[in-house]
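Both complexes below contain chain A, partnered by chain B and then by chain C.
Right, the complex of A and B next:
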């Protein structure tokens, strides 16, 4: 298996290429300058992953998050969840839709329009990230459209399947729409053999092993 | 069932369904799509998708279709972010899927009409906005009502109702915390003469100035109340040592006799002041008011 530190650097690089493409697509669609970046990727065992994720969830909006998630299968198996603090999402959606945002005048609930907006953004971001990874390591991935959910008191158990054969990739996503920053997180819960396959492939491609 | 049934099934679906080949030539256009778009199937079959739906000419749609052909993973475009996908009359979400039919790849485009959702949500937003404005107005009116109910209209300081509310609260606190509660009785000397000499209008302004002087001389949580025509009460909670009281008293003493300029007149204003303390001078508010009134009267007699 590839050296983890090295491999996680390469994966950070690959995911950043993916979110960079997503940022370009979103900028074209929304007509605003959008920057997306992933500072680093942590590859953790489920126990450590649960601890780190629970810490993050406790910090954001008292654990209420809006989640866009997809399951993927074929050669690689797992689930990707894109998490945003729910209390920031009305402003975020208003920015994407060029609508005025009035904190006093909005309900706390999300409408079907909000859900569809996040479904499209989730589709673009996850598509670009997983697509880039899949292309880079030449391993095909099949997935469906994102499911959207708002979770109160979300905890790591919602996103992480515990088992000896599972690993968790956690990365923070900085979303910047013309100066308004919203920090989200991406959690990839993956079968160990899937990750090993990716890392082996990375090793072959980048380290010539 | 075989593939021959497929068009029949798609004809019954309440979504606009369009099938295109890899080169984007339209091969199927269902009746619901005819309703959404306005063009009959016979007019669009064999034409390029972008010619019939010009909004799909934008680069990100082309890239999405290329990726769909390559990977087979579905793509979603929301009506909210793409307002005129078909025309201005219908808001539609667009889902794109790749279907393998024998050796041929077909792209299926589903146009899901969400115009009704948009109308309902806009209605809801309108109601929420109206309620929010109504709520703001009510809060403002509540403030006005509170002001009228608890504050003296002439001087803006507390009235008797607010005084009573705070007096009971501060007395309970003093009992619980074992601290002193000071109650100051202030009378504006010869106020009738000021009214008679300079007129009621100027007299009212002098009274307002006295209220301001008292407010400026006291602490944030002290309550200055206009008790009667020319009488004020000042509640001084949380007095722990006599030094606490002397600090406030010295500021008020400095204003006890002074001349003020009002409406071009130089008017001599003097105050008679009496102060009582819980628990030494009384255990109830009415006892403290009576005792402070007595001390104030004595002060008035001495100053003559």
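Right, the complex of A and C next:
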């Protein structure tokens, strides 16, 4: 497989398993159908990654994002960040809590319950994605505690380390929950040798396929 | 009265877990702890019949809490409810002698199965 497909194709296949699982999980939590676009994975060098991510933040998220992130280490090292436009999050949180959403009554501030909810949703979604990747290539990972933040005027430097030995994987995740469209992104800042290890393992597992 | 301790650092998860289990358990009282260390202290003080424990938590990981609980009471009934889908994590945790390992999020089907499990294995 690895001989015939490029790195992005392979990572797209691997992550789509987890994204599908994550969509099912979100659907279970919310109790509603979720229509999810199947994302392609872009694997970018730090310079290109910064440019692309800054474009997303400026255009889609208009600079204010809610970020749920988890780092992982052991054999694979990296940090996953789920980026959601902050202006859609009150409605999304209401869906998760099975509460009625009242646009008029909502303030721009997030409560501790809001943070806790998105932290846990992020935890479940990231575990689905990275855990399924880990299972697929039989490489264990160990997670840090999930973190949550709201960033005004967010820029790429908030999410990624731009070292020579780093890569930036970006997936755009557009989903629709009964008419509520949310254009999120998943950013994975991964050590170059971690990607190489995944691709080596794919070669071993699926040699010649 | 069955005493059930939910150990999870997410209030959101605590709420979901209690809400679902309430549907399938009669005569049950819940208590909560926000991390593994607090869970261990509540276990020692309250002696719950069942513990439902998350894994990735501050202060004391679920795995380490379970080990200490089992040292204190080898017959303690522990159910793991975790977002971690890694096979090797499940195998590691199951080797600690837990009743079952359930992946988050809890849903109606999983809650019904847990209700049945708790009903069947209640201390007599």
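Throughout what follows, the second predicted complex is superposed on the first by the 194 of 209 C-alpha atoms of A that agree within 3 Å, B and C clash if a C-alpha of one lies under 4 Å from a C-alpha of the other, contacts with A are read in each partner's own complex, and residues count from 1 in each chain.
Throughout what follows, contacts are C-beta pairs under 8 Å (C-beta built on N, C-alpha and C of every residue); 3 or more make two chains touch, one makes a residue touch a chain.
Here the structure is a predicted model, which is why all the values come from computation and not from measurement.
Following the superposition defined at the top, how do chain B and chain C come out on chain A, clash or fit?
clash
Using the touch definition from the top, say if A:143 reaches chain B (first), chain C (second), both or neither.
So A:143 meets both chain B and chain C here.
Given the touch rule stated above, what does A:119 touch, chain B (first), chain C (second), both, or neither?
After superposing on A, A:119 lies in contact with both chain B and chain C.
Of the two partner chains, chain B (first) and chain C (second), which one does A:132 touch, if any: first, second, both, or neither?
After superposition on chain A, A:132 lies in contact with chain C alone.
For A:205, is the partner it touches chain B (first), chain C (second), both, or none of the two (neither)?
neither
Give one of first, second, both or neither to describe whether A:29 is in contact with chain B, with chain C, with both, or with none.
So A:29 meets both chain B and chain C here.
For A:111, is the partner it touches chain B (first), chain C (second), both, or none of the two (neither)?
first
Which parts of chain A are in contact with chain B and also with chain C?
Residues 25, 28-29, 96-97, 113, 116-117, 119-120, 123, 127, 131, 134, 140-141, 143, 145-146 of chain A touch both chain B and chain C.
Note which residues of chain B are touching chain A in the complex, please.
Interface residues on the chain B side: 58-60, 63, 67, 71-82, 93, 95, 114, 117-118, 121, 124-125, 128-129, 132, 136.
Hey, which residues of chain A end up touching chain B in the complex?
Residue positions touching the partner: 25, 28-30, 96-97, 102, 104-107, 111-114, 116-117, 119-120, 123, 127, 131, 134, 140-146.
Hey, which residues of chain A end up touching chain C in the complex?
My answer: residues 21, 25, 28-29, 96-97, 113, 116-117, 119-121, 123-124, 127-128, 131-132, 134-135, 140-141, 143, 145-146.
Given the complex with chain A, which residues does chain C contribute to the contact?
9-13, 16, 56-58, 83-89, 104-105, 107
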